[in-house]
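Read through the structures below before going on.
Two complexes follow with subunit A in common, the first pairing it with subunit B and the second with subunit C.
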Partner chain A sequence: MRIAVTGGKGGTGKSTVATALAVELGKRHEVVLADADVECPDDHLILSIERKGFADVKLPLPAFDFEKCIKCGKCASTCRYNAIVQVKGKYPIFDPGLCNGCGACMLVCPAGAISRGQRKVGEIFRGEGHGISLFSGEMEVGYEEASPVVNALKEKIPKSEFEIIDTAAGTHCNVISALRGCDYAVAVTEPTPFGAHDLELILRLAAVLGVPAGVVVNRSDLGETGEVNKIAEKHGAEVIAEIPYSKEMLESYSRGEPVAGKGILGIAEMLEAMLK
Partner chain B sequence: MKVAVSSAGEGKGSRLSPVFGRCPFFVIVDTESGEEKSVKNTAAGQMGGAGMTAGQLVGNEGANAVVTMAMGPRAFAVLGQLGIEVYEGKEGTVEENLELLNKKMLRKMDEASGPLAPGAGGRPMGPGKQRGGRA
Partner chain C sequence: MKRIVVLSGKGGTGKTSIVASLALAAAAEGGGLAAVDCDVDAPNLALLFGMGEGDFEEWKGIKASEKAAFDSEKCVHCGKCREICEFSAIEWDEGRRMPGIDRFLCEGCGACGIVCPPGAISIEKVENASIGWGRSKYGFPVATGQLKMGESSSGNVVAEVRKMADAVAGKEGAGHMLIDAAAGISCPVIASVTGTDYGLVVTEPTPPALRDAGRAISLLGHFGVPTGMVLNKWDLNPDFSEKVSEFAERNGVPVLSRIPYDKTFTKAVAKLVPAAELSSELKGMFSGIWEKIR
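What follows is the complex of A and B.
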């Protein structure tokens, strides 16, 4: 079963919940935790798991053979990203920084002068610890598209009883890519106006993607839960756990040790029942 | 030689535009015959990489040299590959700049004026950095 842990707002406790949940389920089941926050993956630090390089994520990059090139300019006129320009009678000029890897130029070249080269856009790391397998995705710094790395991560993780996908904050393409095709989404929020606003957005996104969702209210004793409860109900999402603030939990988390309290146990139980 | 000057409007009397990739027009003048042509810069409104396309445009017009005030690294690289020289213009009209160029009073640019503007990268983005104010 593939479960996304998401939430919209940053800092609500997605990774804390995802790592704690993975370790708890890992006591009784085969679990893979995929850290899909590929811009800033932290799960390996929360769990003190040493990561080793597992696979590079590569995107196609055109490679020009100017001996075959007939200077027709089709590649330049086809490129939607303005990465290729061509002046009449001269060879095309290509800027890899603008290239999106779509491959259109390779398809339209009548002389077969453009071949499929590659460029590294990210890396997938792997580590084991606390009874689970962690796969951590990380984008090349400065590259603009997180989705290819998120998608590659999801493709590379081995099939497992539980696949927990820790998504990034927000509702942008990297989160969309992470949520797509999941069986369930755990939306972690907090009892504040910011938490409520972003919860509305993430639940709407989950609905658009057809992923059933449940809500976890983290630091539940630090604010009024009325608003987030209303929003959950509005979207037909069950509030599956309320986790009160715990200094002990915070200290444990900062030491790189997994945490588990009643809230986490409750979520694990619910997911195990769903598996059956 | 044919000189392409980044311009705020059509005709030699227009003000020199401070940017290359997204200037509204290019005024192209043949210094020998005096023939003059104004061309709309089709790169001005596109999502990233305007410098690339503007470079292609002046290349297709047969320019040997460009006069502008600021140019990013992409445009600079494209013009370099095409063998087109870039000169740093001064505040004033296109005509005044052509005279300065003729008297060899304009500095030749040996590197781009500024950093890379954000690329398209598959996502629509607004007009790139407007260096030197709107043209």
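What follows is the complex of A and C.
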């Protein structure tokens, strides 16, 4: 069963919940934790797991042969990402930072001056610890698109009883890629106006993607939980756990150990019931 | 106009709270300010200035995304579109021998349209967000945007929000622009960093936050943007805060301020006001940071 841990807002405790949940489930089941926050993956730090390189994520990249180039400018006018700029009568200038590797320029070049190269856009790492396997995706700094790394990560993880996917903050492509095809989403939020606002966004996104969702209210004693509960109810999502703020939890977090507690156990038991 | 972007890599380190309080310090100084929320995935800045729908002078839908559109009558069932797509965005219906576009995966690159012999595929603009601006009760304009759920191209949306902010700030002759970026370091953050004059990295004393701050600093370095750091909630772990300072120094990034853990920030978010409005101590602290980055 594939479970996403997400939330919309950053810093609500997604990774804390995802790592703790994976370790709890790992006591009784075969569990893979996939860190799909490929822009800033941290689950290995939270669990003190040493990661080793597992696979590179590569995408096509055009390579220009100026000896063949006839300076027609078709590549530049075809590229929809402004990755190729051409001044009339000059050779095209290519900015790999803007290129997503779609290959359209190669298709339109009449002189065959653009060939298919490759470049690394990210890497998948693997590590073991606390009774689980961790797969962690990491995007190269300066590259624009996180989704290809998320998609590669999801392809690489072995089928297991529980596959926990820890998503990035936000609601854009990388979160969409992470959520798609999951059987259930755990939306971690906090009882603040920001938490409530962003929870509504992520529950709407889960609905668009057809993923059923439940809500975890983290640091539940931080403020009034009324608004968060109302939003969960409005979107037909059950509040599956309330986790109060605790100093011990914060200390485990900064020591690089998974947190534990009643709230996490409750979520794990609910997911185990779902698996049956 | 000097453009200052606030980012962190890791979410929840306090970017929006810090931008809001810095904005008050900037506004107090005069000289004109425009505040911009470039976290179009999950925008919270206007909310923290207490702005509601009625406070926006302009709010409009934009088409900053492109997707392939397919004309089934022209299709010759050759399957070339599916072969060429680098993003696996073309599903093949074996029964009808016809493609279907997976709109979550389609990047709108147009490669399928180039190889389609009868020209059955075109690229269409798709409405993927709303953007707008309004005046906060503090006097300065705030521009923001909201990505539509399930839509892509958030980087393009950020670029449109910034264009709108530039126009408003230009008309007012604002001397500064404060940009609140999203978490992470991919397209929407890159679109927030592009063309800025200074990057302020907000971090906190935990190993994940530091590692992600490192990635944010690398990103700013990649684009040649001068960088400073603010260490938030430093007293939650004074020992690790020392490590953060050492890391910053090794990377040539000055730590401009250490902000203590202060419940005023939580109260301020609940009340939807910038924290500097509730505490003279914080007000002084943010004026100090503003002096260094202005």
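What we mean here is this: the second predicted complex is superposed on the first by the 229 of 276 C-alpha atoms of A that agree within 3 Å, B and C clash if a C-alpha of one lies under 4 Å from a C-alpha of the other, contacts with A are read in each partner's own complex, and residues count from 1 in each chain.
Convention: a contact is a pair of C-beta atoms (placed from the backbone, for glycine too) under 8 Å apart; a residue touches a chain by one contact, two chains touch by 3 or more.
The model shown is predicted, which means the values in this text are computed figures rather than measured ones.
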{"item": "First (subunit B), second (subunit C), both or neither touched by A:Glu144", "value": "both"}
{"item": "Subunit B versus subunit C as contact partner of A:Asn100, first or second or both or neither", "value": "both"}
{"item": "First, second, both or neither for A:Gly223, with subunit B first and subunit C second", "value": "second"}
{"item": "First, second, both or neither for A:Asn82, with subunit B first and subunit C second", "value": "first"}
{"item": "Which of subunit B and subunit C A:Gly256 touches, first, second, both or neither", "value": "second"}
{"item": "Of subunit C and subunit B, partner touching more subunit A residues", "value": "C"}
{"item": "Which of subunit B and subunit C A:Met1 touches, first, second, both or neither", "value": "neither"}
{"item": "Which of subunit B and subunit C A:Lys90 touches, first, second, both or neither", "value": "first"}
{"item": "Subunit A residues contacted in one complex by subunit B, in the other by subunit C", "value": "81, 97, 100, 102, 144-145"}
{"item": "Subunit C partner contacts - residues on subunit A that touch it in the complex", "value": "8-12, 15, 37, 39-40, 42, 45-46, 59-60, 78, 80-81, 97, 100-104, 107-108, 139, 141-146, 168-177, 180, 192-194, 197-198, 201-202, 204-205, 208-209, 222-224, 250, 253-254, 256"}
{"item": "Subunit C residues within the subunit A interface of the complex", "value": "9-13, 16, 39, 41-42, 44, 47-48, 66, 84, 86-87, 104, 107-111, 114-115, 123, 147, 149-150, 152, 154-155, 182-190, 205-208, 211-212, 215, 218-219, 222, 236-237, 240, 266, 269-270, 272"}
{"item": "Subunit A partner contacts - residues on subunit B that touch it in the complex", "value": "43, 46-50, 52-53, 55-56, 59-60, 74, 77-78, 81-82, 116, 118-123"}
{"item": "Subunit A residues touching subunit B - in the complex, by the definition given at the top", "value": "76, 81-83, 85-88, 90, 93, 95, 97-98, 100, 102, 144-145"}
